[in-house]
Amino acid sequence: MPVDMRTYLGHVELANPVVTAAGCAGSGSELAQFFDLGRIGAVTTRSITMAPRAGRPTPRMAETPSGLLNAVGLQGPGVDAFLARELPWLAQRNVRTVVSIGGGTVAEYTALARRLNDAPGVTAVEVNLSCPNIEDRGRVFARDGGASAEVIASVRAVMRYDVPVVAKLSPDTADIVSVARACVDGGADALSMINNPLGMSIDTETMLPALAAGTGGLSGPAIRPLAVRCVWQVRTALPGVPIIGMGGVLTGRDAFELILAGACVVAVGTALFHDPYACTRVLRELEELVAARGYQRLADVIGLAHRPPGAAARHRTDFEESSL
Amino acid sequence: MQVTGTVLTTRQVDAYHALTVVAPGIAERFRPGHFVAVAVGGSGTSMLTRRAFSIHDVKPDYGGTVEFVFAVNGPGTAWLAERRARDTLDLVGPLGRPFPLPRDPVTCVMVGDEYGSAVLFAVADALQRRGCRVDFVLGGASAGRVFGAMRARRMAETTTLTTEDGSLGMRGRVTDALPGVIADVRADAVYASGPMETLRGVTAVAVEFDIPVQAAVEERMACGIGVCMTCVLPVIGDDGITRMVRSCVEGPVFRGERVRFDDVGTIPFDALGAPGGGSRNAG
Amino acid sequence: MPVDMRTYLGHVELANPVVTAAGCAGSGSELAQFFDLGRIGAVTTRSITMAPRAGRPTPRMAETPSGLLNAVGLQGPGVDAFLARELPWLAQRNVRTVVSIGGGTVAEYTALARRLNDAPGVTAVEVNLSCPNIEDRGRVFARDGGASAEVIASVRAVMRYDVPVVAKLSPDTADIVSVARACVDGGADALSMINNPLGMSIDTETMLPALAAGTGGLSGPAIRPLAVRCVWQVRTALPGVPIIGMGGVLTGRDAFELILAGACVVAVGTALFHDPYACTRVLRELEELVAARGYQRLADVIGLAHRPPGAAARHRTDFEESSL
Amino acid sequence: MQVTGTVLTTRQVDAYHALTVVAPGIAERFRPGHFVAVAVGGSGTSMLTRRAFSIHDVKPDYGGTVEFVFAVNGPGTAWLAERRARDTLDLVGPLGRPFPLPRDPVTCVMVGDEYGSAVLFAVADALQRRGCRVDFVLGGASAGRVFGAMRARRMAETTTLTTEDGSLGMRGRVTDALPGVIADVRADAVYASGPMETLRGVTAVAVEFDIPVQAAVEERMACGIGVCMTCVLPVIGDDGITRMVRSCVEGPVFRGERVRFDDVGTIPFDALGAPGGGSRNAG
C-alpha cells in the first residue's frame, strides 16, 4: 500500500514532506548530481541577502559529539545573482523552491521580499530570523517575539498573497511559543524550527576557539531533542499552524519523530553533508514507517503523539483492504 | 557517488596508514587529484562528518579499487587505522577538480610534503604517459614521514628528499630544495600537495621562476560536495576579483598564483561581499 | 611536575576543580563505594526542596544521540531528612559539599537558605533556578533575569556571609549574559552553568512521548557546545565572577575545554552514570593535559582561550626548571 | 566495580544471544539476582548509557567469567549481538540487591518469562544447595523465546513450559500455569523474573496462595548505581508508606506484594512526596 505523502504549507501542496534545510543544499545544482530534485517536497535555498556576502573566515566548521558547529556567515551571491542564476535554474527544472531570506533590518527583509515578489518559481518564503538586528545592537531577531513579528508583518505585507510566508525560529529564546505566536499574529502562514542554537568548541591543543568566528551554530542529531520539544510545544499552543520541523534528521525514523510531534514538513540539513542522498532516503524510510504502522496518509500521523496517553492511535488499519 | 566498499588490504608505511578499498564506481571515474570522503566511526557513531582523503592509487582488481594514505590525526583517522581487511567502508567520490594536465610534453616538478605526496604519483603517471619529464621533491618532518620516496625514485628522473631533522635527504623543507631542482631540470611547471604553508612557499618559488604551479589545498570540509560552504579560501578569479571559493568543488587543485595564501583564514577586505562592502548586516 | 590544581569559589578554596553536578551523585554515599569523595573538589547535592518529593512518573529517561533526557522531577527526601541524614553523612567525612536548592517561590528558596544557614558542612549553596515559578504561571525562574535576581538576592540576604551563593543558569533563555548579570547584581558570588535545556523524544513504535512527563532535561556531550558557549559569553561579560562549568564533560579534555572558556570549577554529571569513577578520572586527565602544556598552576589556564588569536599562551614554560 | 573484560564465548540460543566475559572481580562478588551494566557502542559512540543485564551464570574459568543472555531490542543490544570472542567489553557490576534465600529447605517455584528466565538458574542452584525443592515455570511468546527449558528440566523436579502461540508446552502465559504448579508441588515461595506485567500476574497468584514472591523487576535505568533516580517504582515500605524506590540499588529484587504493580509508571497519590501532598512546588 503506497502512502499518500502529500502535505500542505498553508494552501500550497507539496508532493511529500521532505525538503532541504536552508543553507545545506548549496544552490541546488550540487545535489542534482546525486538525485532528481523534483522527487522531494521542495528545495530550500540558502538565506539570500541583498548584497553578496563573503561570510566568515575559516575554520568555519568543527565537529562536536553527534553535532556540527558551523559559522558560514550567510556566504552567498546576493539577491541579484540569485534571481539571475540560481532561482531560474531551479524554476526551469520545476523544482519546488522555498526561498530563505536574511537581513539586518526590517527594511532589508522587506526589500528582499519585494524583489522576490514577481520572480517566478517561489513556492514559499522562509524568513530566517536568526540574523543580528543591526538596529538593536546586534540582538538576533528570533530571540524576541516583537522584533520577529515586525519582520514577518512587513514581509507578509509586500509578498504576493499566494506565496506563504514562513517564520524560521530559533531555540535560543526564553519561550519559543510566545515568539511563534507573535509571528503568527504578525501574519506568518507557517513556522519553521529549529534554526541552530549557538554553540562553541575550543581546540584544547591550540587552546583557542575551534572556529575563527568563535561561536557557531550547532546542528545535527545532538539538537534533535530540542527540535522535537520546540515542534511539540508550538503544535500544542498553535495546533492549526503548519510547521516545518528540522534539527538532526538523519533517517526516516527521525523525520517521523518530528511529524508525530506536529511537523507537516521535515527539512534535512546536516545529514546531506554525510549522505548526499539523505533526502530521498529519508523520504523512502519515512514512507515505509508510516505504512508499517498501518496508515495510508501522512496527514493522519501529523501530530499523532499529542493524543492522550492510553488512547489508541486513530485511523489505524490492522487489516488488509478487501480486494472485492 | 556513494559506495559501500570492502577493505581489501591495509598497510602501514612508516608514519602512515594505507587502505585499499573495493569501489569500482569510484575507481572508474578517477582522475589524478580526486579525493574521497569517508564515513568514520561505524553505526551509532557520534562522528557526523566524513573525512576527506586524496586518492593515492586506483587498480583494476575486483572491478576497481582505490587506495588512500593517511596519518592518524584525531578520532576519525584513529578509527580508520583500526580497519582490517574485509571490513566495509562507506565512501563518496570521486570528488573535487582533478589536476589539469599540460598538452605538451613539458618538464614537471612534483612537490609533496608529508602525506600530501600520496596524491602526486597518479598525476606523475599521467604526465609521463603524455611524455612529460617528471622530477620529485618530497619532504617531511623526519624520515618516516616522507611518503613515497621509493616509488618516486623508480619513476622520476631525479628525486630530492628533505627532512626537517635531517634524518633523510637534505635537512630543511621542500621549499628549500625546490629552487635548485627547478633550475637544474629547467622545470616548466610545478605540481604541489601538502600543508597550506608549504603550498604558499612552493607557489612563491614558482612565481619567482615564472612557471605555473598546480596546488592541491586542504581546508576543513564538512560535506566535500559543495553544499556546506565551510571549505572556502580566497581565490582570485579570471576577472581579477577575489572570491571565497569552495575548495571541495572548485578545488582542491588551484593555480597556486590565484590562491591568496597569505589571506587564508581571513576574509580579505577586497573580496567579493567582504564585510564593510555594504553587506555587513546579516547573521 | 605536579600541577597546583587549587581553585576558588569566591573566597572558598577547593583542592581541585572537579565536582559532581547537582542531581547526579545521589546522596553521595552511592559514589563513595567507588572512590573517596574527599579526593574531588566537592560533591554537589541533588536540589533539596522543603518537602519530600516523589518526582515524576516513569519512564524518566530516554537516550538521545550523545545525550540523555531525564525527567526525575527533583525526587528527594525534603530538607528535614537532608539535614538529618545526608548532610551530616558528608560532613562527618569532611567532604566539601555544595548544597543545591530548588523551590517554587522566592519564599521557598529563602526558607531553604535559612534552614541551611546554621547547618555545619555547607561549602556553598547552589541555587537551581530551573524550577517553575508557581507565582508566574510556572515560568521557569532561570529564563528571566528579574525573577532569577529576586531569588538570588533573598537567598544571599539570609545566607551566612562566608557561604558563597552560586546561581545556576539555564541555556533556555534569550540572553544568558543578561540573566548572569542580573544574578551577580542580585548578590551571586559565583555562577554555575549550564542546567539542562528542555528537550523531548518520541518513541516511534508507540508513537507517544518517550518520557512520561513528555519533556525532559537534555544532558551529556550533545549539549557541551552550548555549555562552552555560555561559559565563554559570561566570562567575556563578567570576567571577575567565578564560574562552575558543566554540560557533557566525559573526559579531562572536556573539562579543560570549559576551563579554557572561563570556568574555574567543572562539574561532572551524566558521565557518572556511565563511569562511577568519572570524577577522579577527569581530574587525573585534566591535570595531565595542563601539565603537558607546560603549566604548573590551574589558575594560569582558566579562561586562556580568551587571549587574542595570535597571542602566545602566557606563563608557558617550554624549558625544564634548572636544577642548579 | 568496573571491569574491562574479554569476551570468551558468544552463543545464540534461539531468540537470544549469550555472552561470556572474563571479569574475575565481578564473578567473585556475584550472588544470584545481581546484574551488570554494560557499556555499548565502542569508542566514539553516541550511546551514553550502559545497558543492564541480569547475570545468568558465573564460572571460575580464567579467574572468573560472567555470562548474560539478551534479546536484541534496540541499537545497544544490536551492537552487543555483534561482539565476537576476544573483543573487550566494559562492565560495571555486580549491581543490585540479590535474591534473598530462605533459611529452611522449602519448595520454590521459579517463574521466568522470556529472557527473564536467565537470572533464575543461579538462584535455583543456590536454593538446591540449601536443600530446597525447585520447580520451574518458563514461558515466552513462542518456542524459540522460552529460555532455559533444557537446563530447567535437568535440575528441577518439574518443569512447565508455556507459549502464547502454543508452539511449546501449554498455550498461554506463565501466570496461567502457575496456580496449578503451586498447588501441585505445594510451593512455599515463588521466585519470578520477566516483564512487569508478568510479575504483576505472578504476584497476584502468589498472594492468592498466600505465599511470598521474590520478583526481579526491570525499569529503565540510566546509571544502575543509585545516583540518577530514573529507575524508580512505587514500593510499600515496612512502615506501610509507599515510596518511589530505586530498582537498581533497592531492587531489582523486591517482595512482590510490596510493589504496587498497578501503579508502576505513575506516582500514586499517597506516595511519600506525591504531588498534592504540599510539595508540588518545585521543578
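Here the chain labels run A, B, C and D in written order, and each chain numbers its own residues starting at 1.
In this text, contacts are C-beta pairs under 8 Å (C-beta built on N, C-alpha and C of every residue); 3 or more make two chains touch, one makes a residue touch a chain.
None of the values given here were measured: they were computed from a predicted structure.
Q: By label order, what chains touch chain B and chain D together?
A: A, C
Q: When every step has to jump to a touching chain, what is the lowest number of steps that links chain B to chain C?
A: Tracing touching chains, the least step count from chain B to chain C comes to 1.
Q: When the contacting C-beta pairs are counted for A-B and for A-D, which pair yields the higher total?
A: Counting C-beta pairs in contact for A-B and A-D gives the edge to A-B.
Q: From the C-alpha centre of chain A to that of chain C, how far is it in Å?
A: Spacing between the chain centres: roughly 34 Å.
Q: Which integer distance in Å separates the CA centroid of chain C from that of chain D?
A: A distance of 35 Å separates the two centres.
Q: Whole-Å distance, chain A centre to chain D centre, using C-alpha means?
A: The separation of the two C-alpha centroids amounts to 45 Å.
Q: On chain D, where are the residues touching two or more other chains?
A: Correct list: 46-47.
Q: Among the residues of chain A, which ones contact at least 2 other chains?
A: In chain A, residues 65-67, 220-221 touch at least two other chains, as defined above.
Q: Touch graph across the chains, line, ring, star, complete or other?
A: It is complete, because no pair of chains fails to touch.
Q: Okay, in this complex, where on chain C does chain A touch?
A: 64-67, 69, 139, 143-144, 171-175, 197-202, 204, 207-209, 214-215, 218, 220-226, 228-229, 232-233, 248, 253, 256-257, 260-261, 289, 293, 301, 304-305, 307, 309, 313
Q: In their complex, what parts of chain B are in touch with chain A?
A: 1-2, 39, 46-50, 92, 219-233, 243-244, 249, 264-267, 271-275, 277-283
Q: What part of chain D is in contact with chain B in the complex they form?
A: Checking each residue of chain D against chain B gives 41-47, 75, 79.
Q: In the complex of these two chains, what residues of chain D are touching chain A?
A: 46
Q: Residue numbers of chain A touching chain B in their complex, please.
A: So the residues of chain A in touch with chain B come to 23-26, 30-31, 34, 46-47, 49-63, 65-68, 70, 72-78, 102-105, 108, 128, 130-132, 134, 140, 212, 220-221, 270, 272-277.
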